[in-house]
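Same chain, two partners: chain A is paired with chain B first, then with chain C.
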Partner chain A sequence: MAEIAQRLKRRWLELALVSALLLALGVLFETTGLTLGDVISKRFLGATLRLSVPIAFAALGGIFAEKSGVINIGLEGHLIIAAFASIAGVILTGSVWAGFLAGVLASTLFAVLFAVVCIEFQADQVIAGLAIWLVALGLGPFLSTVLYGSVNTPQTGSFQAIAIPGLASLPVIGALFDVTPPVYLLYVAVIGCWYVLNHTAFGRWVNASGENPQALDTAGIDVTRVRYVSVILSGVLAGIGGAGYALSIGQFTGSGETMIGGRGFIAVVAYLLGNYNPIGAFLSTTLFAGLQTLQIQLQTGVLPASLVQTVPYITVIVVLAAVGHTRTPAAAGEHYESGDE
Partner chain B sequence: MTDSRWRALLQRIVYASTFERVVISLAALLLSILVGGVLILVSGRLTTCPTAAATYLGVGFCYDPITVFDRLFFGALGDPMNPLFRPFAGEFAPPFRAGWSPFNSEMAVTLRETAVLIFTGLSVAVAFRADVFNIGTQGQLVVGAITSAVSLTALGPVAPSGIAGSLLLIPAGLLAGAIAGGLYGAIPGALKAYADANEVITTIMLNFVAAKVALFLVSGPLQRADSQIAQTEPIPAAASIPSVLFDARTGFSLVALAVAVCTALACYYLLNHTTLGYELRTSGLQAAAARYAGVKTDRTIVGSLVLSGALGGLGGAIYVMMIVGDFQTGVPSYGFDGITVAILAGSNPLGVLLAAPLFGIIQSGSIVIDTTTNVPPQLVDVLRGLIVLFVAMPEFFRQFGRRFFEDDGGEIDG
Partner chain C sequence: MTTAVQLDGITKRFPGVLANDDVDLTVEQGTVHALLGENGAGKTTLMNILYGLYEPTDGRIVVDGDERSFESPRAAIDAGIGMIHQHFMLVEPMTVAENVTLGAEPRKWGGLAVDADAAVREVAALSEQYGLDVDPTAPVETLSVGVQQRTEILKALYRGADVLILDEPTAVLTPQEVEELLSIFDHLTDQGKTIIFITHKLGEAMAAADDITVLRDGQTIGSIAADDTSREALAEMMVGREVLLEIERPPVETGSTLLTVKNVSTPSQRGVPAVSDVSFSAHAGEIFGIAGVDGNGQRELIELLTGLSTPASGSIVFDGEVITHASRRERIERGIAYVPEDRHAQGLVMPFDLVENGLLGNQRTSSFANAGRIDWAACKEHASSIIEEYDVRPPNPSASAESLSGGNQQKFIVGRELARDPTLLIATHPTRGVDIGSTEFIHEQLLALREAGVAVVLVSSKLDEVRGLSDRMAVMHDGMFVDTVDPDAVTEEELGLLMAGEHPTGGEQ
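Take a look at the complex of A and B:
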C-alpha cells in the first residue's frame, strides 16, 4: 500500500514539474517574442543536432559502462580530453580526420585508465570518475598552454556539413540530412548501440554483468572482461562526442570549465531520462541540446545572456528531480570478484 | 544511482584505519608528484626553448621537474632552506637561511589560501561523512561570497566606525555568507532527500547556475559605479579582517586562519561528540540501520548539505573580507580543491587541518612557478586530479605494499 501511495506521489510530482517546465517555456516565448516558427526551422534543428553530438555520444557511452556495472561519471573528462587532443591532432597533421582519431584515442586511453582503476584496483567509481574529470580539466588547458601558449588553442580546420541530395531540401527535417560527419555517425551509433544492447549476445552479457554478475560468471562468461570492454567502449563513444564537437567548432577553449561546460554530466541525466535506452537517451539529448540552441538564440534578445545561459542547467536539475530514482542496474557500482581466482 | 550499496567501497576509504589512511594519502601524494614530474619532462619535449633547462641521460628538456617542485614547495614558503645546510655532506650550518622570516609574502599567500581551503575542505568532508557527494562547494562559496559582499556594503553606512564597527561587521559578513551558502546547499539536499535526484549532478549544475547568476549581478544591477570590470562596491574598511604580524597588502590575516582552525575543531566535535554528528555518520554508514535507530535520514541528508553549504559560504565570506575586499568574477576554484583536500584528509576535520596547508602550498607555489619558470601554472590542476585518483584506489597501494613486504612477512593490511 505504502508503495502505491509513494508511486502516486511520484506521479503527481512529475506532473507538477513538467507543467512548471512548460509554463516556464511559455513565459520565455511570451517575454522574448520568439515564435514557434523560430524553433521549428532548419536552422534550429541543425544547431540542435550539432550540439547533441557531445551529449548524445557521451550518453551512449555511459549506458554501456553503467549497464555493465561500472558507473562512469567522468564522461565530462573524456569529452574534454578528446576535444583538446582532436584539435592538437589537426594542428599537428593538418587533417581533420586524423585529429578526430587522435581525440578518440586520447579518450580511449583515459577509459583504459579508469577501467584499470575501478576494476583492477577496486576504486570507488564515483570518486575515480570525478578524478578523471579533474585530471582532464587540468590536463587540457595545461597542454594547450605548453603547446600554444594559451589555454585556448588556435583556430583550425573543421568538419563541413555534407548535404544528401534530395533529402536535404525537404522542409524542416531536411536539416537532418545536411549535417557534419559526426552527426551522421551519431545516427549510426544510436541505432547500432540499440541493436547491440538488445539483439546480440554481447548486449545480454553487458546487461547480466550489471544485473546479476554471479549468473554470468556461472554461465562461463568472464565478468571482468565484459566490464573492461564496456568501459573502454564508453571511452571510445565519449571520445567521438568530444572530438566531433571540437572539430565542428575548430578550436579548443580551456578557460573556466572548458568548452565542454558540463555536457558530460548532462549526458548522465540524458541516459537516466532515456532509461538506459540508446534511442531514449538520444531523444532526451535533443531536449537539452534544443534548450542550448534556444539559449544561444535568446542571447541576441532582450534578456541578459548570463541569465539565459542558466536555463539548460536548471532544466537538467528539474528533469533529474522529476525522473528521480530510475531503476539502476542491480550491481552497478559494486566490485565483482569471481569465486575461482 | 543513489543505491546505498555502491557506496560500500567508499566506506573502505573513509573508515580504513587511520594509520593506513595516512600512509595511503602520503603514497598517493608522492605518486602524483612522480607522475607530475614525468608530465613535466614530456611537456618539456613537446615545447621549444633556446636552451635546455635540464639534461637527463643525455636528452635535453625545456622544463626541469626538480626546479619546478623546488619552486612549488620551497618557493611557497619564501625559500627557508639555507643552501649551506647539507646534513648528508656532514655540514651542519643553521637549517634556515639568514634573513628568512616566516612572515614573508609567499608564506602569507600560502596561509591565505590555506584559510579558505580549510573551509572548502571541511565543506566537502562533512557531506562525505553523511555519504553525500557535495561537488557544489564552489557554487556555495560563490553565493556566500556575493551575499557577504552585498550585505556588508549595505550595512557599512549604518555601522559604527573603528573597532566597534569591525566587531559588528565581521561577524555579520561571516553570518551572511554562511546563511546564503547553507540555503544554496539546501536545494540539492531537498532534491536528494525528497525527489531522489543524484546530488553529484545537481550540485555540479548549481555551480554553473551560481557562476552565471553572479556574473549577471556583478555586471548589471550590483556592478560598482564607474567600474570597467565586473565587481561590486567595495566592502567598508571596518569589515576587512585585520592582518596581524603579516603585511596587510598580502591579503592574509592570522585572525581568519584562527577562525578556520576553530571551525575545523568545532566540526570535529560536532561529528564525534553530538547527536547531530552521530546521525550524520550513521546515515552515512548504513542508511537502513540509521532509520531503525530512529534517525530521520531525509532530514539528515538536507542537514548535511545545509551544513556543508554553510561552510562553503563561510569560505566565500572569508575570501571577500580577507582577500579581495569586494565580489568579482573569476573566483579561484577553491571548491574543487576542497574535494581534493577532503579526500586527502579521509573526510576527517582534523585531517583537513593537515591537507589544507599542503594545498595552500601548492596553490601559492603555482604563482611562484608562473613567475620564475616557463611551466604553465595549470600544472597544479593536473596534480589536484591525480591526487584524487590515487587516493581513490587504496587497493593499488595495498597490493604494492603486499608485494613489497611479502619477503619479511610483514602484514600491511590488517
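Take a look at the complex of A and C:
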C-alpha cells in the first residue's frame, strides 16, 4: 500500500511540474504574441537542428565515455576548443572542411590528454573533466586574442545548407532535408552510435566496462583499451559537434562563456534524460535545442530578455526532477586496474 | 582413470608471506575434488595459480599430461580451465546469454554485428545439456544468487572448460540451492567434466566430493577419498588439533526476564507482513534461538530489536523499560550489543583500519571521546585489546578491515560488541562464512556470556548451531513464530516441518 501511495504521489508531482512548465510557456506565448504556427515551421525546425549539433554530438560522445566507466564532464571544453580550432583552421587554409578536421583533431587531442590523466594516472574524473573545460575556456579566447587581436575571430566561410531535391520541399519536415553537412552527419552518427552500442561486440564491451569491469577483464578483454577507445571517441564526437556548430556560423566568439554557452553541460543532461540511448539523447537534445530557439524568439516580447534566457535551463531542472530515474552505469567514475584482487 | 590436473610442489611467496609451501594436488578426470581448509590456508591462492592469476614462485602444473605455465587467465581458459569466483563476475543489466558470451560473442555480417539469436541458442543448448535450467534471455539482475552462479558455470563451459574451479560456491547459497548445486556437479562429472571446489565446510566436502585434499597454513596435509574419512578426522587435519564439533552446553541457572517482546508486527517493503504478531522473552543466562529458512522475517525482527526500525504495532520491553521506539544509540547505551548478519555491510567499514572499526558505536563514550575530540590513543589500545583477547590475525590494529579473512573480521566484531559489556547480545548468523576454528571460538564466547548472566538472542540458519547453543528455540516461518521448542527434545523431522510452517502435531499454522 505504502509503495502504491508513494508512486501515486510521485505521479502527481511529475504532473504538477509538467503542467507548471506548460502554463509558464503559455504565459510566455501570450505575452509575446507568438503563435503555434511560428513554432511548427520550417524556420523553427531548421534553427532547432542547427542548435542541436553541438549538444547532440557532445551527448553521443558522453554516452560512450560514461558507459565505459569514465564520466566525461569536460564535453563543454571539447566543444569550445573544437569551435575555436575549426575557425582558426579555416582562416589558415581557406577550406571549411580542413577547418572542420582541425576542430575535430583539437578536441581529440584534449580527449587523449583526459584519457591519459584519468585512466593511466587514475585522476578524479570530475576534477579532470572540469579542468579540461577550464583550460579550453581560457585557451580558446586567449589564442583568438593572440592571433586575431580579439576574443572573437574574424568572420570566415561557413557550411552551406544542402537541400535534398524533393524531400526538402515537404511541408515543415522538409527542414530536416535542407540542412548543413554537420546536421546530416548527426543523423548518421545517432543511428551509428545506437547500432554500435546495441549490436556490436564493442558495444557490449563498453557496457560491461562501465558496469562491471572485472567481469570484462576475466572474460579476456582489456578494460583499459576499451576505456581509451571510448574516451577518445567521445572527444572525436564532441569535436564534430563543436566544429560543426562554429562552421555553421563562420565565427568563434569567445566573450563570456564563449559561443558554446554551456551546451556541453546540457549535453550531459540530454544523455542522462535519454537514458544513455543515442536516439533518446538525440530526442532530448531537440527538446533543449527547441527551447533555446524559442527563447531567442521570445526575447522580442515584453519580458526581460535575461529572464527569458533562463527558460532552457529551468526546463533542464524541471525535466530532471520529473524524470529522476536514470540508471547510471554501476562502475562509472571508478578506476580499474587489472589484477586487483 | 586419467589425471586431469596435477600440481607438484607449488610454492607461492608474497612479500612477507608464504601462501603456498610445496603443495601437491592430484585431481582425477570426471571427479569432484574438494580443497578443504580454514580461511587463510592458501586454497584460493593455489587455485588462482592454476587459473593463471598468479605465477607460482616454484613448482609444476600438469594439465592433461602436459606441463603448462599460465601467464594469464586467458591461457588457462584456452587449456580448458574455468574458474567461478566467490564474487560473481557478471554484468547485472545484461542478459544471461550476453554475460555468457561476453568477450567471445558469436558474430554475423562478417563480424560487424553480434549474433544475439545464436548466443541465446547456444547458451540454451549448453544449459539443457548440463541440466542447469537457466533462461538465456533473463537479465542477470533479476536472478537469484543460485541461478547467477549457474550462469557463471555456463560462462566457463561456453569457453570450453573441462576443469571447473569453484571458490567457496556454497557460501552465498540457501540450503535448497546447495542441494541443486550438488546435483549439477553430478550432471557435469557424468559428462566427463572435472570439478575442484574450495570449501571450509566439512559437511559439504563429505557430501559432494569424491576426493578431499586438506590444506593448512599453505601446506598439503593430505588427500583422502571422502568415503574413507570422517568429519572428526577432517576437522583435525584442518585445524591441527582436535576440534569439538558437538557443542556442549553446561547447565546454567536462568535469571530474570530481560527482554519481553509482545505482539510486534511490521510490514515489509512489498506490503506483506515481514513480522506478524511475534511474542517471546529472553532471560538472563539464556540463549534464545530463532531458527528458520532465511528470509522468513528474521532480519526484520532483529531490526526491531536493535532499533534499526520500529514496529507498526506491539511493544518491546528491556530490563523493565519500554524501548519500542528507542533509537539505536539509546539501545547501545542501555547495554544491547549486536553482531549483525552482514559483516561487510553492517559490521565493519571495510576500508577503515581496526582502530577505527573498534570505535564504531563507541564514538560517544567518554572513554574514547572527550568533548567531541576522539582520543585515538585510547582507541588504539582498545583495538589492541580486542585483537589480543579474541585472537584476531594478523595482530595489527592499523590493518584495514578488508585485509582480514572473514573469520578474523567476525572475531573482531564479536570482540568489539562483547567489550561493551552488554546485558543483552543479539547475534545473527555469527559464524556464517567463518572457518571451524573461529566458529568454535565464537561458540565458546556465546556460552561464556550465558554463564555470565547475559541474555543472548541468536538467529542462525545453521540448524546444528542454533540447536546446540540454544536453551529455548523458536522456529520462524512467514513472519510468524510457528512454535517454540526445546532444542534437546525436538527431532530433525519435527524441525523440518516447523520450518515449512506446519505443526507436526496438527494442521498448518
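Keep in mind that, in the parts below, the second predicted complex is superposed on the first by the 326 of 341 C-alpha atoms of A that agree within 3 Å, B and C clash if a C-alpha of one lies under 4 Å from a C-alpha of the other, contacts with A are read in each partner's own complex, and residues count from 1 in each chain.
We take it that a contact is a pair of C-beta atoms (placed from the backbone, for glycine too) under 8 Å apart; a residue touches a chain by one contact, two chains touch by 3 or more.
The structure displayed is predicted, hence computed values, not measured ones.
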| item | value |
| --- | --- |
| Partner chain(s) touched by A:211 [first = chain B, second = chain C, both, neither] | second |
| Which superposed partner A:147 touches (first chain B, second chain C, both, neither) | first |
| Partner chain in contact with A:121 - chain B first, chain C second, else both or neither | first |
| A:188 touches, of chain B and chain C: first, second, both or neither? | neither |
| Comparison of chain B and chain C by chain A residues contacted | B |
| Chain B versus chain C as contact partner of A:220, first or second or both or neither | second |
| Interfacial residue positions of chain C with respect to chain A in the complex | 48, 53, 73-74, 77, 85, 89-94, 98-99, 102-105, 107, 112-114, 116, 155, 267, 269-271 |
| Residues of chain B defined as touching chain A within the complex | 1-3, 5-10, 13, 43, 46-47, 133, 135, 191, 195-198, 200-202, 204-206, 208-209, 211-213, 215-216, 219-220, 336, 339-340, 343, 376, 378-386, 388-389, 391-396, 399 |
| Chain C partner contacts - residues on chain A that touch it in the complex | 1-3, 199-201, 203-205, 207-208, 211-212, 214-216, 218-221, 327, 330, 339, 341 |
| Touching residues (chain side chain A, partner chain B) in the complex | 13, 71, 73, 117, 121-128, 130-139, 141-143, 145-147, 151, 256-257, 261-262, 265, 268-269, 272, 304, 306-307, 309-310, 313-314, 316-317, 320-322, 324-326, 328, 332-335 |
